[in-house]
């Protein structure tokens, strides 16, 4: 019999430190009450009126449109943030200019500013009579109350993720590889694309995933600018609220469960991509 | 064509890293920059490569003013201490990077690049390993990829920053000899930085010794060892013992015994410090002439006998003498020490 | 004073044109995405002058919303602080079966839509919920009361303190606690005299982020609160109520107060990061 088999299985390795039992006990009770029990309800309740009801709710055009909008707008917002977030991170880390530190501190604003505040503010800016909206309105271009408006709100909430993911990598990146590229005769843009970008790419995908995940579930900043027109600018979280107001708990739970499942699957895929990329040159 | 560095200055804040440095590397020469850390040797290398900007002075290659060119156009190969390989590129991609960076007009075709990479992989003895990523190579192999990458751009000059610094002792010795042979084959003017005097003396045609941002001395290993220009060089290139002496008529008097001064002689008589190698002493019986000393320990292992003794009213020294001279000596014995020849710098 | 300086290292010096374009693009983007919305909050709030602004804030419902918001944060943040400390203690000082599952669970609220975080409590305690009718029979109401708001807010802000403490305490290891144990110190003594001093700034950082989010939470709270003016309307909900009533000045006045809290949070956070960088894990916000 090998040692591994002979050793008694233990939940916790013996330790000289005290306090495992009370701390673990509290953690488990707390998590069960605030997280596990509620999640169990989310997972179990959609099915109480049977499969058919779940299918009816999910396959309804209104649900599909809402899901498409939530995931689609979140995806495009994350893409835009990936591009501009990379530029902002680059500028904040690599260039020394007046006001840099102040700008840097403000990057976290979307994390700190309550979403409802952002929501009414964005609505005011992009409404047809708003500061930016009125520039476009004469050309018959609507921003607020269209999917574009939804995307703008999602750009706001997702903005810090890409910047904050890339910044530390850019800061810690050794100067030597860029020096090597320069001594080998590579121009600056070539160096940025071929030498620097591959180094920050895993962080970029990580930031993209975070921005995307956050945007998919976003509610507060979107509902004001979206206008909430059925099948056009109604996001999935809003649909949950609607179902709840109709006391259709199973329907609301079904939409919630679909959103959660889709997010988890997508994040899992993005994680796979990310680990595949970083493994290649680790 | 030779590389000529003249009057280069560079400071970091108030710290002068290079203080009026001038030196010349002949065409095809293998030159070592040797010095303790903070002596400015790496800074000098980086100035030549274009990674630091000199405040004053010039760096010329033939009649070409190198400082006028940005780093990317200098055509100088630099091998970094920690290699700085591109982690996401294979060895072959790393080596091809510089060639592919050339302007389209002078860039070779894809096939030519491929052939060139193969040739370089052969040169650094990494045949068949071109497809590996740096993480799949050993330290010595990475070092050779870095070298091949630098050679790929057919540089005018090759610079190596502590080329063996990151390797363990055994790999280091093998690579040293190999690098010397490679230099003979390529005939490229090569400058390398090291803090290891043994490495510099063994490998280089000439060695420049740097201290506090200044060139202390430049010469062949032999010249440096036998004719050091300063106490610093003497001290840096080997063990040394320092003793108070009295200079009188071109001789140094230590403990009542005169010893000849080799090399530069001080122009003034008076008290000075004498520098002696540990094997520069004669030992005599306790009633002989010279400095009285008491033996603490006698070490008989090794090519010479080493005698650890305390000079009366002075500190401890360890002198080296032939085994036969140490015969019969034991701890607590009293002896006398007489310097055979000394060096004195004003 | 300078406008911009080129990189010291020539190998990292970008062409002036490139640098100029990048800085320009970044600043324009930041202006549109960050500063314009922030400016608009204060601009709209003060559009009709300070008189209307302060009338909007001094409104009875607005004051009760402020009080409620502070109360919610004052309950949810300490709860999650105790949880964060307990969870971090288990995860970083012990080896046990299923640790990674626990870590995933702690992170999970970050990936859940706030609306879902409210929804789950309705599913449990709402009129049609698993426990709702039973509790109702006992005379206990959770949904549409302050209790429900506390529950939803706690779930949304659950990871903040734990997420900051776990990497920080992981980095510090267990040597100091083990030393305290060999010197005969008991558990609480070890915690208060050895562990806590090492993590105090990180703890403060986590609590700061947790409090800020608790005060600003909207989606989760919107679902469970019922939005009863003067009773279950937190500040963000009050903003929505006023906005939907087309009382824009009052809506933006309350919003400006929240924006002010946000700016203070940013300032304190920036200060902590600059001053105690080595004593923080500074896990990014979600």
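In order of appearance the chains are A, B and C, and numbering begins at 1 in each one.
Assume contacts are C-beta pairs under 8 Å (C-beta built on N, C-alpha and C of every residue); 3 or more make two chains touch, one makes a residue touch a chain.
All figures in this text were calculated on a predicted structure; none of them were measured in a lab.
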Graph class of chain-chain contacts, one of line, ring, star, complete, other: complete
Between the pairs B-C and A-C, the one where more C-beta pairs touch: A-C
Distance from the mean Cα position of chain C to that of chain B, given in whole angstrom: 58
Distance between chain centroids, defined by C-alpha means - chain A, chain C (Å): 16
Where chain C touches two or more other chains, by residue: 9-11
Set of chain A residues in contact with two or more other chains: 179, 181-183
Residue list for chain B, restricted to those that touch at least two other chains: 50-51, 71
Contacting residues of chain C [partner chain B, same complex]: 9-11
Residues of chain A defined as touching chain B within the complex: 174, 176-177, 179-187, 190, 194-195, 198-199, 280-282
Of all residues in chain C, those that touch chain A in their complex: 1-7, 9-15, 18-19, 22-23, 25-27, 29-30, 33-38, 40-41, 44, 82-83, 86-87, 89-90, 93-97, 102, 105-106, 108-117, 119-124, 126-130, 151, 154-155, 158, 174, 177-178, 181-182, 186-187, 190-191, 209, 212, 215-219, 222-223, 235-237, 239-240, 243, 248, 251-252, 255, 258-259, 262-263, 265-267, 269-270, 284-286
Interfacial residue positions of chain B with respect to chain C in the complex: 50-53, 70-71
Chain A contact footprint on chain B (complex, rising order): 49-51, 71-78, 80, 82, 84-89, 97-98, 101-102, 133-135, 149-150, 152-153
